[in-house]
Amino acid sequence: WDGEFFPGIPKINYEGPKSKNPLSFKWYNAEEEILGKEMKDWMRFSVAFWHTFRGTGGDPFGAPTKVWPWEDGTNSLDMAKRRMRANFEFLEKLGVDKWCFHDRDIAPEGNTLKESNANLDEIVTLAKELQGTKIHPLWGTAQLFFNPRYMHGAATSPDMAVYTYAAAQVKKAMEVTHYLGGENYVFWGGREGYQTLLNTDMERELDHYATFLQAAADWKKKIGFNGTLLIEPKPQEPTKHQYDWDAATTASFLRKYGLIGEFKLNVECNHATLSGHSCHHELETARINGLLGNIDANTGDPQVGWDTDEFLTDISEATLVMLSVVRNGGLAPGGFNFDAKLRRESTDVVDLFIAHISGMDTLARGLRNVAKLIEDGTLAELVRNRYKTFDSEFGSQIEAGKVDFETLEKKAFELGEPRVASGKQELAEMIFQSVL
Amino acid sequence: WDGEFFPGIPKINYEGPKSKNPLSFKWYNAEEEILGKEMKDWMRFSVAFWHTFRGTGGDPFGAPTKVWPWEDGTNSLDMAKRRMRANFEFLEKLGVDKWCFHDRDIAPEGNTLKESNANLDEIVTLAKELQGTKIHPLWGTAQLFFNPRYMHGAATSPDMAVYTYAAAQVKKAMEVTHYLGGENYVFWGGREGYQTLLNTDMERELDHYATFLQAAADWKKKIGFNGTLLIEPKPQEPTKHQYDWDAATTASFLRKYGLIGEFKLNVECNHATLSGHSCHHELETARINGLLGNIDANTGDPQVGWDTDEFLTDISEATLVMLSVVRNGGLAPGGFNFDAKLRRESTDVVDLFIAHISGMDTLARGLRNVAKLIEDGTLAELVRNRYKTFDSEFGSQIEAGKVDFETLEKKAFELGEPRVASGKQELAEMIFQSVL
Amino acid sequence: WDGEFFPGIPKINYEGPKSKNPLSFKWYNAEEEILGKEMKDWMRFSVAFWHTFRGTGGDPFGAPTKVWPWEDGTNSLDMAKRRMRANFEFLEKLGVDKWCFHDRDIAPEGNTLKESNANLDEIVTLAKELQGTKIHPLWGTAQLFFNPRYMHGAATSPDMAVYTYAAAQVKKAMEVTHYLGGENYVFWGGREGYQTLLNTDMERELDHYATFLQAAADWKKKIGFNGTLLIEPKPQEPTKHQYDWDAATTASFLRKYGLIGEFKLNVECNHATLSGHSCHHELETARINGLLGNIDANTGDPQVGWDTDEFLTDISEATLVMLSVVRNGGLAPGGFNFDAKLRRESTDVVDLFIAHISGMDTLARGLRNVAKLIEDGTLAELVRNRYKTFDSEFGSQIEAGKVDFETLEKKAFELGEPRVASGKQELAEMIFQSVL
Amino acid sequence: WDGEFFPGIPKINYEGPKSKNPLSFKWYNAEEEILGKEMKDWMRFSVAFWHTFRGTGGDPFGAPTKVWPWEDGTNSLDMAKRRMRANFEFLEKLGVDKWCFHDRDIAPEGNTLKESNANLDEIVTLAKELQGTKIHPLWGTAQLFFNPRYMHGAATSPDMAVYTYAAAQVKKAMEVTHYLGGENYVFWGGREGYQTLLNTDMERELDHYATFLQAAADWKKKIGFNGTLLIEPKPQEPTKHQYDWDAATTASFLRKYGLIGEFKLNVECNHATLSGHSCHHELETARINGLLGNIDANTGDPQVGWDTDEFLTDISEATLVMLSVVRNGGLAPGGFNFDAKLRRESTDVVDLFIAHISGMDTLARGLRNVAKLIEDGTLAELVRNRYKTFDSEFGSQIEAGKVDFETLEKKAFELGEPRVASGKQELAEMIFQSVL
């Protein structure tokens, strides 16, 4: 393969909201300062290698649909290298300086673990070179779900040999992430869960999972990798019940096993809604538990019960996502990856660009809306005002845990029937909509 | 009101599976020994006062439908006393020696908290007398959701006066539960949650909630009440998001705020399915976290998105519920309450008995099935066998947390590609069905 | 009650998008012309009497929360008259000239049907007077679900006496709607459905339902009422399965029983999402079946499994709703009612105005977006282009039903493997977002 | 490949409920007479070729897991023949004399349609020979969803060339089904639906779909095929909205386009629950519309939002399914196919047998329960009794459509307030459970 991968596609530039050019940013202006930071520093966008370069369009009912011109139909090392070059051209044209990967989507699995490791090393060496000085991974991870050996889970497989194999694979993936200058390392528990409790010892599996993660955290220190370790909650799919169901479940697990200081969360919006929560709820839950580390800023379909991994295009949702990010003071060393894929039926190379531009612009538009919301100030004031009685002296003592039931009862007799104020939800919604 | 409340209804007796008499037990035989315990000691059934004696059949689209002969249409103290006597006749005829209550469903709320307390005292005195020596509450609780003052929550209300009022109400409810010999005290966070994050400071509300529960745990010790404190998870309804979403969320909360030793869970099956889990999953999650304290053994409709609180009639579900109970070594000092209500359209007095008999029989049938499952042994063997590699020396070391990634990698190279065994789910399901 | 009901509230005026005044329209400018019609003629807004004037804030877990100053706590005829006057002041201040009602929410039910009819007549006489020449009902309906007599359904009750009673009630409700100049009459099958198939003869109930609706259509003609008859689909709640599940189910029913020319649909957005469809899907399904008659423009919560009847504030949704309306050439003689209620916790009188303004503005903003979309033209072109092969000669013959399998097979051999174009979903979403 | 495919597996025999042998029937006794028919004639079981012989265990997150000894890793004609022989050995050992297939799962797709047809002919010739005199297809169908050409649908593709290709493929599939003695022909609208309405002309697509089906019905007559044409409803997956959403939607479509006499429905239980209905509801809806033709007797997971296609093992569900079948007087010329697959993690050859035995036994147990229910008679009596007022003279006239609103009103005044009877749901559930 010679020359450009995307010959007809120019560098994507910011042209502002009035532009009709699909290959331009209307809202994302990387160097523009918003709320005291350049947009690119709020967003910290990365491209997900697996969806963008390994997504085939296959689904449970159909064969692959993508016929990218640079693909030769093989899973060879040569093909892996060519794909990696396409990735870096894509990053450059999109103006994104971070990427994410699973070990097995960048390099082919070999016949043995050693061979797989060697393949990985070869590709990683090339990636390192292509990265240059400006580009590096937002995060890396190990793919522990595709190969049949992991069909019952990896760290939670009932088979000790699988646990062992998985540990070796994660060890290597952490090492290459470190080598490439990755800022985080992610655990998505692909098949860490169960299909039926009838054949499962859930307690034992969870114990194994904790032991595995502890060993990973130990290894991180051993090799001097300073990146954040992230767990990505998902409620189900492929398993009926994934152990990292949602932010709260994962927090409970981390607390139970003494892992709370070692890990943060990578919250995915589509996973959030599959678990019965809004994305904003999951982000806020992670944030107030000190666990908000990274965001998979995709979206699902509210009427669909599986992970559709769509690029986020909802303005309201994007505004709420960015609200959590701003409250969190940003996400660094984490950031955004899309974990979003082209629809199966979108088969033009240019669709890859349109989709990413759309996702980036939507989040950028969300950030601009948050700035308007903060500048306006009315909504924050409405919320603060609702809790003002707790800012009183007695309220502060309650919050400090200094007031016992006897004192509270005495106070209740004294205060008589409370006069409860309106929750003003419709007003809050009106104010929120006014910045969209 | 003179004489019997249920004149046509005899004491319900065990007549065995072949009986066609709706007013008999076909599976529940209180004194029969199963798995080393009398059935009644496994089950520890209680009747829920609120559904059985205060359920009106009203729903969001319709007026009350029940016209019980003993009701006079008032919410007077006299009516409350009459109702309490009906309760004890019901318990006796059903052969159940435990009951559960909310403060406000047994005694009318007064114009002031003092008046409400006085009303409660009067009814509780009568209940104490009617209890005699054999009957007592499985648990009591405070109703912190019906009165408009609690519309934004009780312990999580943004209004300090409401927090204060709620504390006084819980204090009193704990005291009367203790006085009546109650074995547990339940917190169902009726409106502890939010309707929209736009007007809510979730972090501050959760902090308040923890402070409140800590004060409750302190008060328990102060008054010498030895009952278990239980939190009842529910994902949503009435609020869009309830803070005690499910067992894992509640465990996370308890761990975060250092409350883990003070509280257990009251798991409700209908709440389980509303949160996207099977009831068995929630029970097992509670159990392996050492938190399984009590069960609301009702059921919902798998196609319906709200709490229907039906009496459990599914044999398979009941068998799984009892499997968790047996694994837990029973539930004492907790037990079963039904938290189930007659359908709105079931308006005959006898329907109250039929529903309870059906619910009790279904769980009893479940227990008998568990005994068969254990006696058969095949399923347990299938599960044990799946994990046997971890019983090896290396497996044990892994489980002990003694094996680091370097050692695991070495072992992985040594072991080569794992040969993963079939999960045998269909066989497990076949064995399970064979005991139903 | 003397003087104004809403003394602090001015007539709501259009102030444009930059206004920060909650009591102004930012997008709805009644007389402004959009796409060839004045906004008010596209929207045909009406106020729903039941939610706005009879909504109490009660829910299955809590007592009423609203304490409107004009309410005296009774359900008297005098109170009904006062409320009706409040309704007309509300309409006037909001600048809306249509309203909707259930018979029983405007006038109290009496002890007998005759008394109920007399009460209704008295209130309707007042309403007629208050309407003057500019105001009239968008539609009326009979409330056939609140009273316990309807607990098993009305037209589908297993009890003939209930069917009979319901018919009498609908007869009267149609007559008063006609008398008031109502433009439509709605059937919402409150409890026309089942709780369990175990006790239900679904076929017989559906036959009864059809017979009932045929009699209603006959009566309409008999009394010279020219309004449209509308059925409002809802999938479930209060029953487990409502017979008018969704637009397609209702269309099937109408076709089976030969009622297709007599009825149209009143599509509700919240009901749409509860049935697993987007609101836009339901509107389009109704439209292409020639059945789109009226819209309940509310919204639910995508994570909540029951009818929350919120005012629509989602811009994207509103744009899709208005797209269907524009394609339909408007809704007349139907229009919009909100079927939306204040949140239980919104207890200020002014919240009633804020909520309605928000709902009206959101739809108006949607209409403005549709105008932009149409002016831009790109999206329509994208769609048209996808089907262009069917505009060929052979394609037209296929569409005319003139091409048999043999000819198609021959053509297929001739054409060889089709080259299928990209679906361009991401581009379509980008274009759509650009007008929001 | 020489000799047996399943060397260790004996012919599966009926051994009765006490047998512990997984490779025996406990409830299905083919020649035993139940309710006046041999069990096999009620059940009319068939094996689904695609799941049983082409199911690989692959899922969206993982590679194939099945390594059947007879597979050589190719998709050759030789492999197709070997597989077909395995199919017939499987049928024989299981004691099932019907099978179902998609054209493309029995024979490999060629480079052209002609080549595909030739491949199909070669395999079908072998199948015809292997069938002998006792075996034949319950139904055949064309696979119109796997190949990328069908990514936007087949009959509803926006591309005329795809419509044409699909017609040619269906023509051939109908012909080979006829040749093999198939009793039915199924249309499962794999991708007949949409991913987003933004790029879709739903009305035009539905028109095309109807035209296509009409041409299919015409072709059926032309070739003298007397089998029933069946449409299989599914709400979504792979598309966001499938046009054949559920039984009612499909009935509406058939009625709108005048196809109602030409097609029946193939109801799948897992599709039923995905569409928000119970399987029993869908079966009854099909039945009372005269459309119940065939059943895909699988099951989903009530907590999972996608099609899991599990073998049915729920006794209660199976009893309800068989209740509909018995009410329908059986399913002939339709029957049961399982459309169920081994779990991905079930990788032993014997699991194929266990799964089928389990599914067959569960339905057989359901049939036995229905016989008990009918013999008992109490439940049917309870239902009949609920509607008895309609058996009166006035009730019969209502049912005959002879009573107008005026007469009904007069009658209502006469009858006064109806006294509505209890719905007895709990009793109905108790009776139902007693036969399980």
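When the chains are written out, they are named A, B, C and D in that same order, and each has its own residue count from 1.
Note that in this section contacts are C-beta pairs under 8 Å (C-beta built on N, C-alpha and C of every residue); 3 or more make two chains touch, one makes a residue touch a chain.
Remember, it's a predicted structure, so these values are computed and weren't measured experimentally.
Steps from chain B to chain C, taking the shortest chain of touch contacts, total 1.
Between chain A and chain B the centroid-to-centroid distance comes to 36 Å (mean Cα coordinates, whole Å). Spacing of chain A relative to chain D, judged by their CA centroids, is 40 angstrom. Chain B has residues 148, 151-152, 195, 236, 241, 276-278, 303, 343, 345, 347, 420-421, 423-425, 429, 432 in contact with two or more other chains. In terms of inter-chain touching, the protein chains here all touch one another pairwise.
Against chain D, in their complex, chain A makes its touches with residues 57, 59-65, 145-148, 150-152, 190-191, 195, 236-238, 240-241, 274, 301, 303-306, 343-345, 347.
Residues of chain C touching chain D in their complex: 112-114, 148-149, 151-152, 157-165, 167-172, 195-204, 206-208, 211, 214-216, 218-219, 222, 235-236, 241, 245-246, 248-249, 251-253, 255-256, 275-278, 280-281, 284-285, 288-289, 320, 379, 382-383, 386-387, 389-390, 392, 394-395, 398-399, 401, 403-406, 408-409, 411-413, 415-421, 423-425, 428-429, 432. Looking at the complex, you find that chain D touches chain B at residues 20, 22, 26, 273, 276-278, 302-303, 311, 313-316, 342-343, 345-348, 351, 354-355, 357-358, 362, 376, 378, 420-427, 429-430, 432-434, 436.
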